[in-house]
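Written below as structure tokens is the structure these notes are about.
Chain lettering (A, B, C, D and E) follows the sequence in which the chains are written, and residue indices restart at 1 in each chain.
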Amino acid sequence: MLEITPLHYSLLSAALFMIGVIGVLVRRNVIIIFMSIELILNAVNINLIALSDRLQDLAGQVFVVFVIAVAAAEAAVGLGIIIAFYRNKETVNIDEIQIMRW
Amino acid sequence: MAEAIVFWTLAVLILGLGVMVISARSAVHSVLFLVVNFLLVAVLYVTLNAEFVAVIQVLVYAGGIVVLYLFVVMLVNLKKAPERYADPRRIAWTGTLLAGAVLAEVIAIVYASVSSDEAGAAGGGFGADTPFAECGAGPLVSCNTEQLGWVLYTSYLIPFELASMLLLVAMVGAIVLAKRHL
Amino acid sequence: MLETVVVPLLKIAVLLNAVLVAVTFLVLMERKVIAWAQSRLGPMRVGPYGILQAIADPIKLILKEDITPAKADKYVFTLAPIMSLVPALVVFAVVPFGPDPLYYVSDINVGLLFIISVTSIGVYGIILGGWASNSKYPLLASLRASAQLISYEIAVTMTLVSVILTTGTLSLVGIVEAQREGGLWFAFVQPVALMLVFIGGLAETNRAPFDLPEAETELTGGFHTEYSGMRFSLFFLAEYANMIVISAIVVIMFFGGWLAPFPNVPALAFLGFLPPWVWFIGKIFLFLYVFIWIRATLPRYRYDQLMGLGWKVLIPIAIGNLVVTGILKVAF
Amino acid sequence: MTLEAPRTSTTQFDTDELVINMGPQHPSTHGVLRVVLKLDGERVIDADCVIGYIHRGIEKLSENRDWTQIILLTDRMDYVAAATNNLGYCQTVEKLMQIEVPRRARYLRTVLAELQRIASHCLWLGTHAMDIGAMTVLLYAFREREFVLDLFEEFCGARLTYNAMRIGGLPLDIPPGWDKKVLSFCELMEGKLNDYEMLLTNNRIWLKRTRDVGVIGAEEAIGLGLCGPPLRGSGVPRDLRKDEPYAAYDEMEFNVPLGTRGDTYDRYLIRMDEFRESIRIIRQAVEGLPEGPIMGKVPRLIKPPAGETYHAIESPKGELGYFIVSDGKSTNPYRFRVRPPSFCNLQGLKRLVTGHLVADVVALIGTIDIVLGEVDR
Amino acid sequence: MADETKSQSQESGQGGADTPPDASARPAADPKKPAAAAAKPAAAAKPRPKPKPKAPPEPPKAPEDQAPPEGAELPATVTAVQDGVSGAVQQVSFWVGDWTIIVSAERLLDVMRFLKADAATLFDYCSDVTAADWPPREKRFDVVYCLYSTRLRHRLRVKVRVDEKDPVESVTALWPAADWLEREVYDQFGINIVNHPDLRRILMPEQWQGYPQRKDYPLEGPGELLMESPQDWLRVRNIADEAGAVADADAEIEIE
């Protein structure tokens, strides 16, 4: 309990991951779903950083940088889609995002 | 001892805020919790000797991406959250159960891997059989900004360039999507 | 224990108090300087030449009624000014007032990045303050503010990268030391970068001519329209603390921090009779004066022109500056 | 914006419009003007002016005051240019009664009207610049306005609502030495004008904020009934001082500055030039001030014969017209109507702001130079 | 529109005056019904201790349009319109240098169109639109248009005589400037202007009863009493709201 091992980080990561998954599955607001995805990505990052520290290998940190870059790209495009969708249908309810064209 | 206190505090806060993010009624509150969550994750990175990543986490994630979220939440200024006009419990249980299953699976895998190399594990964990396990004495990756730069621009140059291309594409895509009249 | 806990805590306490006091006097200074620019006297009633106005102002702000609008989001409404002020104060943790560790709380190796990242959190205070007021003008202002801050942050960060290229370090102490060793302030090495950072700094602190988020003649005060009393004074403090931060960054990056002018010219060595922190604070106040001077002189930009300036002028110049710096760095 | 149920229409492709109320309590509406702005993002797609917040019924009140008492009411319309209002009213009644005003009184009236124009333009300049964010100009312009107010105070004892004219002439002659002070003020004002211009005219931000903002062509400006500097800014050479000379303007030499583009910057330049022209007129009038009486032959009981007339003068803000009907029986006007220049100019605001950004709205309210006391009367 | 508002004003004027505790308000309100008042001396017989309210001035009986002096030459603008729109000009008047033509309300738009377009007149600028009220007259209102030509630099006044309900064509299509001016005329006189794009009250509040510039508008009475006691004011407002006749501008603004 007092000695913190990568196992703890992994469990923390897994728990955060699960919270993210619940968010994606349960919420309807697309924006909150996107935020849940950010949580999932963060869970992964925690794992990577913890292992990078443990293994004394910078690859983990490098990957975190990439993940952040990807998250930025995802946020930009995803939010762009949300805005476009909102303009059309005035809703951000995921249940209504079913038509593929408008 | 100190490390443990920090870790447990942070872990509890991070998870608690994570729950708040997905359970907050107002989307703006969600974003707010998300920011604090990311800041705490950044603190966690600092305890793991990853200052540069921590700063990037704050700068890009908390200062950039989440602001974007906030922006969109305000733009899509809804009187009622989508949950209000649909049955909220329709898939809530399924979703939670499903996520629980995922968690169980992940934990099982973690424990399986731990027990599989329990024999060689000094501190109990991964990679005890990797060559890096022995070189943990020196703080190789503390104050690592310069090293990180080296690695990023040498071994990971192509992924780095790819990431920049990705960002460029995403930028153009976002503008195309969001701009009304091009 | 003494070294690791008590001394830094003491330093932090002293620093925080110093910053807060400096802010109150900065407000007085602003009122006085603008008054002089406008051929009037400014505050004259409280104390000799109105000096005690610096104390009267905060007392007035604190004693005023703190109103929360009925339809506001109470928690966020309270949180927003705090989120605005805290980053502005946290930044001072890495600002070196002098060469040896006594003068700074910490010298971290990513000091500059730390400052940039922490100041980027400050935007939340403005956005959330505007949103939580549940009022249209503040909302409009906060949307403006977020767009403005994010845009100018890019330009400023890009420009700072070119300075980092010159110094090769992200530590603030290291940057000043590099200027001492080079014998030349970076203002002369990177004049373009200086202009960009200063203009971007004006924009990031929402000062005239970029004070659109709080343009009182358009948006009736902007994001803090609905604020009053203590919470308003927190926003107020944050703005002025940010001014000090930007001045400090400019001084550290381009004007040799605590160094006396031309530190390696022997003829000017006598300038060293002033202690380093005096030089540093003196230079900061010089820049604060420029901030105020600009406010008294220039009209305000329009929102689209502001964004145009940021994206179409400053960012391209910043990128160009970065490329040129890189080329020169490789060539020599 | 309220979303009761998920919408299924796929026709519209637009974000919601934001309706904001600018005013009646807003620092840049120059009084209690309320502009209901419909915004798309920051762009104004529609504007509706709501006025009447300080409607005091001056027109109705005047029907129950006698002819001299009304001068006092006209002070309260355009309260930053009270003397011009007095002048317009007195001249209308003089026209109705066919009273000849002595030359000295006409000259002095010209001086007062032009001083008033300078004061009014000072206030305009200060507030206009303040709206756009140049706060120092406000203080400078008010400083110079103070000099004008001092001159008026010396002349008639009041600083804002002068009650400075009488039907048939002036109530009192100028105090000794007043003309010297006026001349030295002209001297001073010319220097200060250069100060203002140095701060604004070539200031790039000022140019950016005013060039091509609120452009209106000559035809449209005439159609909208704009008057004064906004009309001349569009290049229409209409200045009542030239076209229908009154007071002593027919004996003065001055130019009517005209704009070319019809944008906010042109209107700014025109008013800056009008400062100089006013100074020129004041100099001519003061230097050529004739001796003589200051009051014409006015019957003791002012009671114009039955009839009606419309008479307009060029106030600092534009065509200030009075339409007065006398029934010939009572000692008060039967109908007293003011054609307020601010009212007619404000009408053009909707046309000017549509398509511009929120920030331009304040610049445009500033550029048409309204006084709500006059709009609402 | 004018009728509706008037009938309401009667109802609510009474309703409002009924309820206040001091009953003295009632006699003040009664004789001042705008429609009936016409030339009645309203101030007579008022049992109130308050200072005697000013009665509307005794309106003169005859209209006040002086004929041009004998032998005076009509200006080109007047002759042009007399020739161009034959029969429309009922009368030409001249007084202290101003020419006025009086036209019939039906032909107003024709005349105005001609005045704006014809090369001899070219009245492109509408200085002012206003009105005057002569209650005893059969057609009690004079609607006055002050026109100006920025090119030929001459002025002309056009006058139309109408009764309360007679429609007056809006000239907004010819001169956008007339928009607010006509609104003011409607607001202050209750003149029935038709085909105006946006005929709302302008100076008075949307729910105001009566038309203040009419000569029979009580100088002291329901309107003033209502303003003194906000409760009554609210009550009148509610009555108007319930009648559904009020386009509540505020409601539109309140939406998020």
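Methods note: a residue touches a chain if its C-beta (ideal position, glycine included) is under 8 Å from a C-beta of that chain, and two chains touch if they have at least 3 such contacts.
Computed from a predicted structure; not experimentally measured.
Undergrad: Touching both chain D and chain E: give me those chains, sorted by label.
TA: Common contact partners of chain D and chain E, which must touch each of the two, are absent.
Undergrad: Which two chains have the most C-beta pairs in contact?
TA: Pair with the most C-beta pairs in contact: A-B.
Undergrad: With centres defined by CA atoms only, which chain is the most remote from chain E?
TA: Farthest chain from chain E, going by C-alpha centroids: B.
Undergrad: Roughly how many whole angstrom separate the Cα centroids of chain A and chain C?
TA: Each chain reduced to its C-alpha mean, chain A and chain C end up 33 Å apart.
Undergrad: For chain A and chain D, let me know how many angstrom lie between their CA-based centres, rounded off.
TA: 61
Undergrad: Please report how many Å separate the Cα centroid of chain C from that of chain D, as a whole number.
TA: For chain C versus chain D, the centre distance works out to 43 Å.
Undergrad: Name the residues of chain D that each touch 2 or more other chains.
TA: Residues 1-3, 6, 13-15.
Undergrad: Can you pull out the residues of chain A that are in contact with at least two other chains?
TA: Within chain A, residues 86-87, 91, 93 contact more than one other chain.
Undergrad: Spell out, as numbers or ranges, the residues of chain B touching 2 or more other chains.
TA: 52, 56, 64, 71, 75, 77-79, 85, 180
Undergrad: Given the complex with chain A, which residues does chain B contribute to the contact?
TA: 1, 3-4, 7, 11, 14-15, 18-19, 21-22, 27, 30-31, 34, 37-38, 41, 44-45, 48-50, 52-53, 56-57, 60-61, 64-66, 68-69, 71-73, 75-76, 78, 81-83, 85-86, 91-92, 94-96, 98-100, 102-103, 106-107, 110, 114, 123-127, 130, 132-133, 135-136, 140-141, 144, 147-148, 151-152, 155-156, 159-160, 163-164, 166-167, 169-171, 173-178, 180
Undergrad: Write out the stretch or stretches of chain D touching chain E in their complex.
TA: 1-2, 19, 21, 36, 50-52, 55, 57, 59-60, 63-64, 95-96, 98, 222-225, 236, 238, 243, 306-310, 312, 319, 321, 323, 325, 327-330, 332, 334-335, 337, 339, 343-344, 346-347, 351, 376-377
Undergrad: Please give the residue numbers of chain C that touch chain D in the complex, ascending.
TA: Chain C residues touching chain D: 34, 37-40, 136-137, 140, 144, 208-209, 211-212, 215-220, 295-305.
Undergrad: Residue numbers of chain B touching chain C in their complex, please.
TA: Spelled out, the residues of chain B in touch with chain C are 26, 28-29, 32, 35, 39, 51-52, 55-56, 58-59, 62-64, 67, 70-71, 74-75, 143, 145.
Undergrad: Report the residues of chain D in contact with chain C in the complex, numbered from low to high.
TA: Touching chain C: residues 18, 20, 26-28, 42, 129-136, 139-140, 143, 199-200, 203, 205-206, 208-209, 357-362 of chain D.
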